[in-house]
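Following are the structures in question.
Paired with subunit B in one complex and with subunit C in the other, subunit A is shared by the two complexes that follow.
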Partner chain A sequence: MDLDTLLSFEWGVMAPEFIILGVATLLSIIDLFMKRESSRKPLAWMAGAGVLAALVSIFLQLDHEVTSILYDTYRLDSFSKAFKILLLLGTLLVLVLASNYKKEDLEENRGEFYYLLLAALLGAMMMASSADLITLFVGLELLSLASYIMAGLERKNKRSNESAFKYVVSGGIATAITLFGMSYVFGLTGETNLFKIAENMGEVELLKHGFLLVFAFIITFAGLTFKIAAAPLHMWAPDVYEGAPVPVTAFLSVVSKIAGFVIMLRFIIITFIAAAGIDGDPLLLQVQPYIMALAAATMIIGNVTALRQRNIKRMFAYSSIAQAGYILVPFVSNSSLLFELIWFYLLAYLFMNIGAFTVIQLLTSQERSNDVSVFRGLYRRSPWLAVPMTFFLLSLAGIPVTAGFIGKFGIFMGALGLQPAHYWLAAVMMATTLVSYVYYFNIIAIMFFRDEEEAKVSVPPGMAAVLAFCTASILILGVMPDLALDFFYGNFDVNEFFMRIEDEVHTHTH
Partner chain B sequence: MLQISWLIPLFPLLSFILLLIFRKSRSEGTAWIGVLLTGISLVLSVGIWLAVWQGDEIKTEGTWFHIGERAITMGFEVNPLNALMLVIVSLVSFLVHLYSKGYMHGDERFPVFFAYLGLFSFAMLGLVLSPNLLQLYMFWELVGLGSFLLIGFYYYKPEAKKAAKKAFIMTRIGDVGLFIGMVLLFWQVGSFEYDDIFASVQNGEISSGMLTLTALCIFVGAIGKSGQLPLHTWLPDAMEGPTPVSALIHAATMVAAGVYLVAAMYPLFQASETALTVVAVVGGVTAIFAASIGLMQKDIKRVLAYSTVSQLGYMMLALGASGYVAGIFHLTTHAFFKALLFLAAGSVIHAVHTQNIEEMGGLWKKLRLTGLLFLIGALAISGFPLLSGFFSKDEILASTYADGRYGLFWLAVVAAFMTAFYMFRLFFLVFTGKPRGNQSKVHESPSVMTLPMIVLGVLAVVAGYLNTTWFGTFLSDYLAKGPVELPHGDHHGPGWIPIVATAASLLGIGLAYLIYQKETLSRSWLSRMFPGLSHIIYNKWYVDEGYDATFVKGTKGLSKLGVLFDRYVVDGLVASVTAGVQGLAKAGSRLQNGQVQSYGTAAIFGLVILLLIVALTGGYFS
Partner chain C sequence: MNTWLLSILIFSPLLGVLVLIFTPSHDERSIKWIGILGTLFPLGTAIVTLSAFNMSGGGLQLTERFQWVSYEVFQSKGEVSYPILYEVGVNGLSMVLILLTAVVSVLAAIASFSIKQNWKSYFILFFLLEMGMLGVFAAQNLFLFFIFFEITLIPMFFLIGRWGYLEKEKAAYSFLIYNGVGSAILLIAFVAMFMKTGTMNFEQLAYTFALPQSELNQMLITKNFKMGMLIALLVAFAVKLPVAPLHSWMVRVHVQAPPPVVMIHSGILLKIGAYGLIVFGAGLFPDQFRSLAFIVGLFGVINLLYGAFLAITQTDVKRVLAYSSVSHMGIVLIGLAAVNEAGMTGAVFQVVSHGLISALLFFLVGVLYERAGSSELRTFGGVAKRMPIFAGVMLAGGLASLGLPGMSGFISEFMAFLGLFEEMPILAAVGTLGLILTAVYVLRAVLSITFGAEKELPNAYDLSPTERIPAFALLAAILFIGIYPAWLSDMLRPTLDAILLGLGG
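Right, the complex of A and B next:
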């Protein structure tokens, strides 16, 4: 690649990534020159400002047409914009949590946390924009490696160390499986570019190997379930969530999970949409029962096992496994609503889960315990914490007037709407939702139906802002979901997702 | 007038918000906020009802949000059925607010209680005004939430906490059915609107199998909310809540929502003979089953709770037997007399501080007014001639008979007999005889409590004249204006039905009298009064033993059977499901042993299983 080609790319489309990369680099340098004992809070503000700037740059790109640079490895399309907004929004809220995290162990190395977080975010954003197996994988690994370190950031805490170690080992297994599956795809099609893979999928020669393709699909899919914490690669989540610092847990359960869905959608939908499986039948139809089984297993394992948890972080780990199961349901029905259903649910999930983790962080750090009893009598002690928490739980449970209800409602409609309707999957979803009421409502009962004269919980202004923002978003999206849906329809065109840009080098000037 | 009907639910909502703001207030004057605001709702409801009576109707809707191409709407609707419900709900809510002012006196969370009442009333009124299933479902859940908060109001009692959770979870089981039925209907019809659904049903656009399936799914929701077999066990436990709550939620409004749902979706049910039969059978069996349990209970509120379950069974039976008017009629009269009975029971509990009827007795003299009102309620529910329950129950029996469901008809007659018996057992044990417990300082409740009871007492007597064959079938003419085409006019069954019903009622009352009242009558007093009957009185023991051997033993046995069924079969089923879930949870936790190697093994194992299945089903080996 000569300099002319390099300069001919429209680099402006990568503005959000560049901003994050720049801020992360800047932070690491500043951190180096900061005194050991001085507070790292300014770094948090700078990181936050960087994320906000990236968010603004995406909004400025909303009208930008589909563009692809770097030999079609990086794409700016509706899909990447829509999901990057989620990733950035989630990271922004996690940053507030992190800057208010009070633990002596963490104090000395907090600086690292902020730029690791940004590095992880950068990996996730690259995944949203990738159109090539190699860059997808690099993005995935960037996110993973940064996350591994973050999980073990409390160096003197054994649990945190254990958490990081398990995360690395499980992550290694998942990466191996994913790569193994991808190698089949590459071997069969001879391409790494997603669109070229899709093109080659139609070749007659490949029809004979439909069976191998189904194999490749299932192996890759199973490997990718790691990031979203769904079966069969879900078991790391409870241990890692439990040991990691709360802001990291929030990051893993929200931002990292969104990134997991992003790579699933990118890789699976583009490459396999027209692929033929065994006997030449459509592959996506053929693997439906397997995705269905995994979705059902995830919902059942998550919700049922959550019943027995006394540790609040473990309970939320299983809860987040269950939520991943719900979001897998649209993959099965694979309707035209796929993108909007998943996008809306993830948006709602972002608010309700980060909101819940905000309350969890405040309570667990004040009480120095992770037991569910930290919630006892919260309504009497701090009603301004108990009421938002109630809304988050109601939303997670999918009770009307919350965003969670609309999200679940949409998924449910999708599951029953297309022929053939997936009655069993819908029934499993409803039944496990019912089971989830038991543990979500248990927390509500502990908050409201227990009288305990305990100290009030002090809420720093940043945390209060996150709580207010998340609560308001959940309620507004629950009452007026069209605010988000209209934004989605108005700015994003799902067809762009499949739009292949033929030219390898673009010289658009705008 | 009708354009403003959407305001009706907002006043209780306002009360909820205001009272939450004043929740720390120690003044009991805060109650007047709730009373006043629900009073406004009541006035509006009555006005709207009168307008609808003149033939007005309204339906206003706007787009709420989109799913794909399809618009989901939201709005409100007033028709004869829900205008009537509006009046019932806002009236009972208003009276219960007033009553609670006295009953909750001295409670330290006084304003919070009224706030919750407001939230519940808002949700219930919103449910009634909903013009589509989705909106109904949302309020349906909100109603459950209000009920959860109110049952658990005495949260320092472990039973109350448990009952609140049980009620919430068990009714949710029903909601799963409702939700599935609703979404299935949406994909058949393309809308959640009642009107659109009915039009599709009428035009035969839905296959008969799908009609039955969706109707049954929706009925499952009604079973949960209305405490029908086998999802009824939460209702008696819900009596742990404050008594005014029982009167409002678990007698007149929320539990009737299931019946209302079936009535509101009636054209769907009418289109499926199977669905109607299921509704009728579940209702009929529940009616006699719950009544039999009521015979043995010692807690005054539990007797009333089982009685509620039984009466709701009657309403379902009526709807299932094409007795649309009969079902709504009984819903109306039942709301009045059952709320009255609960409030009177609350007044008794307020005075003697116990709910055990074995510790009561002889209260007639001390609680004159309460006793009299309780008697009116008991007579009404027993179907005593000329009181409201008599007419509505008669209508149900006539419908069932006219529909050719003779087995269920006789079941209902026996249940009527049992109802009369257990109500008067209650009455005699509580109000007559000698005091059996410590009854110091027993005095009548304040007028803020007795006034609502008097209003309900009057209604319990006169509400029956809404629909009689003597003065006019006002109610059925009124309901005929609604969206539901009435099945086959009025059911003037054979003339002997009222006689049988009356006989069953009187027999029950008489039997209760002989068993629980006879102790106060000495043999000599009776023989002086009726010398000619002395030898019969001589045989009183004989008769008593005869009754004991037949009716009492029989009913006792039946009741025991009911309790046993309840305990072993129903609870067993529930327990086995719970055990299954718990076992799964245990297995899941055991697998999660903290060894990262085993996680890897599990993941690979899962993957291998998937691949094996692909290999086997994909024909790789063939």
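Right, the complex of A and C next:
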């Protein structure tokens, strides 16, 4: 590649990534020159401004046509835009949490959190925009490595250290599994570009190796479940969520999970959509029972284990495992609603989970305990915390008038809409949702039914803004889901996802 | 008339919520007044709606519909849209139930004097509950119905769990989980029907399911699918009604919840189960319903006898009444099982009549509990001496409950059994035993409280003026329906005729 080729690329489409990269670099330099004891809050503001700018630049790109630069390692299409909005929005809210995070025993000012967070975000955004195995993997690793360090950011906290270590070890294993699966895909097709892989999948030669393809799918899918914390690689979540600082937990449970779904959609849907499995039958149909089993297992494990948790962060870890299980359901039915269902559910999930973690952060840091009893009598003490928390929990439980219900309803439509309808999966989802009522409403009961005269909880203005924003979003999307759906249909065209850009467009013209 | 009328009616309780939010929580007097006025506004709107309602006209009236949620679905057969609309409307049946809701809500709000703490949040939840109930009866599509159905669950959970008696949390949980099971089944059935037919509207669904089988085959709707849907719906609403093996939650709620909430619960919320059975069970799948009629009737008789038998053995008035509700809901099933005009009319009459009677009796038990701090039968005796008006109303309510002619309970039981005797005489004959048992437990409970040796009761003063309003109003309504049932049956006839036409009866 010579300089002319390099310059011929339309670099402008990468504006959001450049902004994040630039701000992250800037922050790391500023952090070096700041006095040790001075507050790192300005860094949070700058990081927030950077994320906001990236968000704005994506909105400016909404009308931009599908563009691919660097030979499809970077794509600007509806899919990447739709999911990058979620990633950026989630990170923005996490930043507010982080800037208000106080821990008595944390005497140092940690500036690196902010640029690590941005680095992780950059990795996630690359995954959303990439259609090449190599860059997908690099994005995944960038996200993972930054997350490992963030989990262990409280150096003097044993739990945090343990959490980081567990995360690194299990993350490494998951990465190895993913790579192993991808190597099969590469070996069979000889390509790293997803579209070319898909093209080669149709070759007659491959029909003989249907078994290997199915094997590759199973291995890669299993490896990718790590990031979304679904079965079989979900076991890290409770330990890591428990030990990591709350903002990091919020990040892992929301942004990192969204990124996990992004890479799953990219990799699996593009490459395997037309692939033939054993005996030449469509592969995605053949592996349906496998995905179904994983989804069902995730929902059951998450919800049933959450029942026994007293530690609020562990409970939310299992809750987020269960939520990942719900979002796996559309993968099974694989209907044409796939993208909007997952997008809408993740949008709702973003608001309800970050909202809940905001309340959790306020309570656990004030009471210095992670026990669920920190919620005791919250309605009496701080009704303005208890009421939003109730809405977050209702939404997580999928009760109407919240965004969570609309999301679940959509997933049901997807599961029951196609032939054959997946009644069993829908029943498992409904039954486990019912189980989830027990622990979600247990928190509500503790907040409302147990009176306790304890100190009020002070809410910094930033946190109050996050709470208000999340509550309003959940209710508005619950009553008028068309606001989000119309935005999705109006600005994003799902077909762009599959649209291959001819290479010639970007070769240099002398 | 204004087409927005029904929406105004459904959301009218929200006005009370709005006002309450801006009322300081220490101002108890204003809050109580807002609580009562806030339920009067929906009642007023309901009366306006009634006047706009054409009594003799069939079909849906005062309908409103607009686009709400739109998923764009592309399928191999082309683009199929699955629009979810906001659709409300009333027919005779839902009009009657809306009126019942509005009336019982006002009286329950007045009866809320017995609530001791946290008035503000209590009334906010109370209004949300009322909105949910009104919405359930006005909704004309599955989505909307389900949403309002679930909206009633959450305020109830709080009302039971926060303001109830000793084992309130347990009762709240068992309410939540049992009803959660019901709505889970309901949701799966609703979505399955929606995805098969592409519509959620009641009328369109009924029309689609009534198409000849050859056309249905093209939509992949088999007979088994219809039967499966009907069974799912029956089970879901059987939890709500409740039907015999699934009734334990309801007894717990009736014992533990505060009296005004029990008035609402037993008076209206249980009726959602009956409403669902009529509208979805008999209305959507008439043929299948007919073939299951015997089982429905069997469960009806079991409910009737089992509830009555247990009511006889109870020592707590609340439990007697709770099991009496189980028993009386059996009569609804018996009426439905008859699948003829008399039976259907009886079932609907029983819904309305039991709504009024149980609201009255639970109100009176609340008054007793207020005075004595207990609802054990042995604490009371000879109450009539010190509280004559109370005793009189209680006796009248009891007589209505056991079906004395001239009261609303008589008409409904008579019609329901009349219907069933035509179709399944043996089952009906067994069922009539329940009527005797009813007389036994009602008289045992009422008489042992009001008459007999007078027992020491610390605060035995008669009904206060505020307490008289709900008592007399409910009694008047019971007598009115008992003496002049035509008013109700005229309103119901077009709706019932339409359902019966589907049933081919």
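Observations, loosely collected:
Everything below uses one rule, namely that the second predicted complex is superposed on the first by the 499 of 510 C-alpha atoms of A that agree within 3 Å, B and C clash if a C-alpha of one lies under 4 Å from a C-alpha of the other, contacts with A are read in each partner's own complex, and residues count from 1 in each chain.
The rule is short, and it goes like this: a residue touches a chain if its C-beta (ideal position, glycine included) is under 8 Å from a C-beta of that chain, and two chains touch if they have at least 3 such contacts.
The model shown is predicted, which means the values in this text are computed figures rather than measured ones.
Bringing the complexes onto one copy of subunit A puts subunit B in a clash with subunit C. In the superposition on chain A, no contact is made by A:101 with either subunit B or subunit C. Set against each other, subunit B and subunit C differ in how many residues of subunit A they touch, and the higher count belongs to B.
Once the two complexes are laid over each other on the shared chain, residue contacts for A:307 go to subunit B alone; subunit C is not touched.
In the superposition on chain A, contact is made by A:173 with subunit B only, not with subunit C. Using the contact criterion defined above for the overlaid structures, shared-chain residue A:431 touches subunit B and also reaches subunit C. After overlaying the two complexes on the shared chain, residue contacts for A:337 are found with subunit B and with subunit C alike. By the touch criterion defined above, A:482 reaches both subunit B and subunit C.
Overlap of the subunit B and subunit C contact sets on subunit A: residues 336-337, 340, 399-401, 405-406, 409-410, 412-413, 416-417, 421, 426-427, 430-431, 433-434, 437-438, 441, 445, 448-449, 481-482, 485-486, 489.
Of all residues in subunit A, those touching subunit B in their complex are 165-166, 169-170, 173-174, 177, 211, 214-215, 218-219, 222, 231-233, 235-236, 238-239, 278-279, 290, 293-294, 300-301, 304-305, 307-308, 336-337, 340, 399-401, 405-406, 409-410, 412-413, 416-417, 421, 426-427, 430-431, 433-435, 437-438, 441-442, 445, 448-451, 480-482, 485-486, 489. Of all the residues in subunit C, the ones that touch subunit A in their complex are 67-75, 82, 121, 143, 146-147, 150-151, 153-154, 157-158, 161-162, 168-169, 172-173, 176-177, 180-181, 184-185, 187-188, 191-192, 194-195, 220. Against subunit A, in their complex, subunit B makes its touches with residues 63-68, 134, 137-139, 141-142, 145, 148-149, 152, 155-156, 161, 164-165, 168-169, 172-173, 176, 179-180, 183-184, 186-187, 581-582, 584-586, 588-589, 591-592, 594, 596, 599-600, 602-607, 610-611, 613-614, 618-620. Residues 335-337, 340, 379, 394, 399-401, 405-406, 409-410, 412-413, 416-417, 419, 421, 423, 426-427, 430-431, 433-434, 437-438, 441, 444-445, 448-449, 481-482, 485-486, 489 of subunit A are the ones that touch subunit C when the two sit in their complex.
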